[in-house]
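Two complexes come next, and they have one chain in common, chain A, joined by chain B in the first and chain C in the second.
The block that comes next holds the complex of A and B.
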């Protein structure tokens, strides 16, 4: 972790949704800091609250979503208390976002150029002509061939990878200090994925923005990020340096996720799988939210909700059985060999 | 499109044949005279007008006449069918154009309002309004309008103009530039006539537009709701655009795609709808002409009206297709 002053501090963030079945606590107390130029990964399954966290930062929640508690401090100002117009000057300008589906995230009835220049003319007060020149430059930077031609094309004339590149160009158009990437490679095939990740790393070096990388793919996390937050049921279950999380996972959920990825260096007959599925947000167990799927779960786990414990400097885990996990893992690993 | 037109003429021609040669003769000879002539004379007349010829030859001749603009004699109009239609067309077009204003204005505007305020009391109110509008047939609603606004308070009288205004309009000093009553009145600087024409047209406008704007509202609302949930709307918001711009620029253009189809069909439907509205309000126009032709079995006029509405239908659909391409780049032709 860098010693620089964080540009984004999220403190005890809670995001709830009003639904017909009751209040859904999609995010229930998340804390993290983001320093300039670093990459933070937020990892979790569908429904873990990782996308909601990012949408909360941008204040782009659906109308039934609200933030009852917590602070999101961007450069000393609380995002949750900003006026709508202040918020708009942050969106796209200081914090930009790219989405999962490049197929649907671009408006089909406007050209790529029109959609990129829109943000440039809005935030950078450029005239149309300069904005278009900048759009072409950006498209070239994100590796789109023939940018002069592409800028006047419509999204349907571009492939998925090209569209995601155009989305990245759009997000970077106003030199944001934070880029939130919500599963940017999930909808793409593997070779294109690698290209897009490479591109994002290069652009980060060039533009120096911090990245919040949201994904369910731990392989991608290792490649991209400095630190990671593992989310489950709207909470942080493990948080820390990426190397620590990989080498010494200290939460059964993280450990399960790691083991469910096929590895080229270990020969296993069967892949590990976390039993069950993520429960509906209204039906999480009372104690530890992971207790109904955890192989270490005891009676205590079912009744008492664990807090986020410090394991070592800057590595946290939310589990009653951190020590037991270390032993179990040794046993399982020994059994594998 | 030309193929469709030929198809239409074939169908119209075949339908005529159901009537048989005796009835068909009325297109050429005054019906009063037909009653008095003998059977031999009738046969002669049939030969003269080629009604005993084989079908393909008669179709060819009929088509030839059609191309020349000759659709036969209209009993209802007491003039050739083509003339009768041309004379009545401006009244109907004027009515349809005026009816479009509330339909498009209120329908689309309220539809978007309802979608933006989804599930709020504004939305509920608009939906109830639309449901009532959509459920009320125009022939009932037109009578209600007459009952209250003509019989009751005499605001919106029937017919095209009052008698005094009619006399002035037909006089030599009054120039009929466009044949649209309201516009001609302004161009002649006769604001009293303009006021009179307006009073006569408001009732039919309300009746005609009522059903359609309710329908358009529902389409606009659901289309807008769907678009507002799309990812690119979130992208637009993430760019920092103001909500107004997100809705008016990014959402509206996409939401209008299905609305265009409906609006196009609606314009076509308006020309059919005038049959009822013009009859109820006793207005001169294509609609009442067709209705009266049907009542009096004036087959030449019926066929003329039928051909006319087919042309409107075909041209209308062409315009829909063109406007699609204008809105949606994905269907633009290379």
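The block that comes next holds the complex of A and C.
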């Protein structure tokens, strides 16, 4: 994919929030490129800064949020420096977004049709009638049965899966070149999840947009994406080609995440759980942010903050003990048995 | 909403019995309010002549024609007769004033013209008085100088000052407080006295206005006369006379400022009288309860609609500004709201009506001033909640402009609870107004208002002697009207909520 010119470049992005307890460094130095038609996954536990990253790109941060450093370059223009009206013409039109909760992401007082039409007429010169026809087409495309009927229904009359499909239809209404999907399937049950993922893949083939796929479920990542960023505490801990990350994880956190989901291809007796919980954003350990939960952690990890090291081409990890991981993992596995 | 959905909503609405009862009751009250003048005709006082004309016309006989004309003439004499009579002399006065202004005649000449007119009460005596007193101001200037030199004592000076103060040439306060700050007031008095010429001019202008108003009245009188002449030779006497009567009657009503909302006294005793043929709901405090209940419907709507709509607009404004801007603006506005809420309503309404004076409009002002906080809080809470809804962020992510988000996405999700709440409050406003009436700071004495009628029952509520229910009608009729009115609005509010709540749309 790297032969193409990237449409989105995020360089050393930092997003902070001013709060009463101090400054929350929700995102602290993220780098990635996104090429047309490519899918990038951002993975991490709750609170790792995935949503904040995507909201920074859309510039939809809460009023207490700000970007002290870093660049977000979309098609050669710095998003952080755009005027409000420029930004509005990017939102929805060039970069669209779908959200985690299909229940609440649609306005309850308007019909599905009205909401999709609003999105269409916002950026495309089209009259109401044509827009509505297009809305019906889109609903059909995202696999909603009887779109002519559904278009006049209210969100609450649709099931969760259908609502998410409607959200996708809305997001795709102006042919965006990037679609940010923030945990689009978390709130849905498993069979529906699979359908929605399938749908997104099909639509990507048809529309050719790039996708930033945010999830905490490494399982779906493998299916969906080309590359992945694993985030922890607002930082990239591992980044690279999906095959590498999946087959050859080089960060204990990634490894932990991977082994916390049931897999058929690897023979484990029981699931591995990362010990402890993500600390509050103001209470991360001084050195490696993951050190208090890491089974490899040494004294060095507790005091010194590791940098992002290149392991091989396009595969990075932020760990003092990259080499030890493979060995230790074997031991842990053996101990389990 | 499309047609299909309208039908569905309507169907749901019709099937909901309490909504139908509410609408039915409300319609009933609306109809009563509209037809009040027909089902409870106000007893309009009439001029004796006009009344006779009316009677004769209603039972018209050819031979009464002259009588009718006679009474028309008689009415003319009472209303316009003196205008005609005095017109010449008043005109003369007007000319004299003009001449005096042009310095063609002396002031004494002018006063000689005014004096007889004021003595015959053709023009107000005060004009003459003031005009003569103005000149005395010159003498008063001398007194001031003497006072300054110390040749006149303070008491004497005050005695001199008094008539000027009483006539309004000098601010009365200066006279009353003169002994406190003589130096300060002397200066002011001097400056006022030096405006003597302006004073005189304004007096002359008022006289001219008075004279000119005679012209107007003469025109009216002329018209009346002309119509009367026409009537005398009319070929269709009865109809012409009737329409002429109507016209005259209307101007008469206008001239006496008749207010149908004031309940007339129907007898002389304060003791309630039980329902009878003439007074189907009985009589309380000499007022016909039936009349009061019917016209009170109008008062109820007036109070409820006006107070609630104004209070709601104020509340909406304050609440949405607070929620939208947030920060210190929100902080200040909400603290003000808290302060208003912390003052007991009854107390503040009473204080306010004492300051403003009683009267229905004053009561309504008090109710508005202390009635907007609920709406402000409600809308603020709703907007704050809606602001963080995901669909608002989703709309932003689609590139929708801020103002459009407020109008299209936030308001529709927040305004309906306010509408519902407002409709329910319309009913309760009537109760509030009634309690104010009960406390004596509500509608003015005799105003057709359910609360007032209930107030009349205060002394009779326990009945007389051995029969506690003796005067039941003094409470039951106005009370029932009030309860039903509140109930109607509440049911309608419920129904509105069902319609507006998008989650209940099916």
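Observations, loosely collected:
In the analysis below, the second predicted complex is superposed on the first by the 324 of 337 C-alpha atoms of A that agree within 3 Å, B and C clash if a C-alpha of one lies under 4 Å from a C-alpha of the other, contacts with A are read in each partner's own complex, and residues count from 1 in each chain.
The rule we apply is simple: a contact is a pair of C-beta atoms (placed from the backbone, for glycine too) under 8 Å apart; a residue touches a chain by one contact, two chains touch by 3 or more.
It should be emphasised that the depicted structure is a prediction, and the values quoted were computed from it without experimental measurement.
Overlaying the two complexes via chain A brings chain B and chain C into a clash.
Shared-chain residue A:58: touches chain B and chain C both.
By the touch criterion defined above, A:214 lies against neither chain B nor chain C after alignment on the C-alpha atoms of chain A.
When the two complexes are overlaid on their common chain A, residue A:170 makes contact with chain B and with chain C alike. By the document's definition of touching, both partners, chain B and chain C, reach A:108.
Of the two partner chains placed around the shared chain by superposition, chain C is the only one that A:152 touches, whereas chain B remains out of contact.
Of the two partner chains placed by the overlay, chain B and chain C both lie in contact with A:119. Contact with both chain B and chain C is seen for A:93 once the two complexes are overlaid on the shared chain. Overlaid on A, the two complexes show chain B and chain C touching the same residues of chain A, namely 58, 60, 88-93, 96-97, 99, 101, 104-110, 118-119, 122-123, 154, 156, 167, 170. Within the complex, the chain C residues that touch chain A are 2, 4-5, 389-391, 393-401, 408-409, 412-413, 502-503, 505-506. Of all residues in chain A, only 58, 60, 63, 84, 88-93, 96-97, 99, 101, 104-111, 115, 118-119, 122-123, 154, 156, 167, 170 touch chain B in the complex they form.
Of all the residues in chain A, the ones that touch chain C in their complex are 58, 60, 88-93, 96-97, 99, 101, 104-110, 118-119, 122-123, 152, 154, 156-157, 167, 170-171. Interface residues of chain B facing chain A in the complex, by the touch rule stated above, are 118, 230-232, 234-243, 250, 253-254, 327-330.
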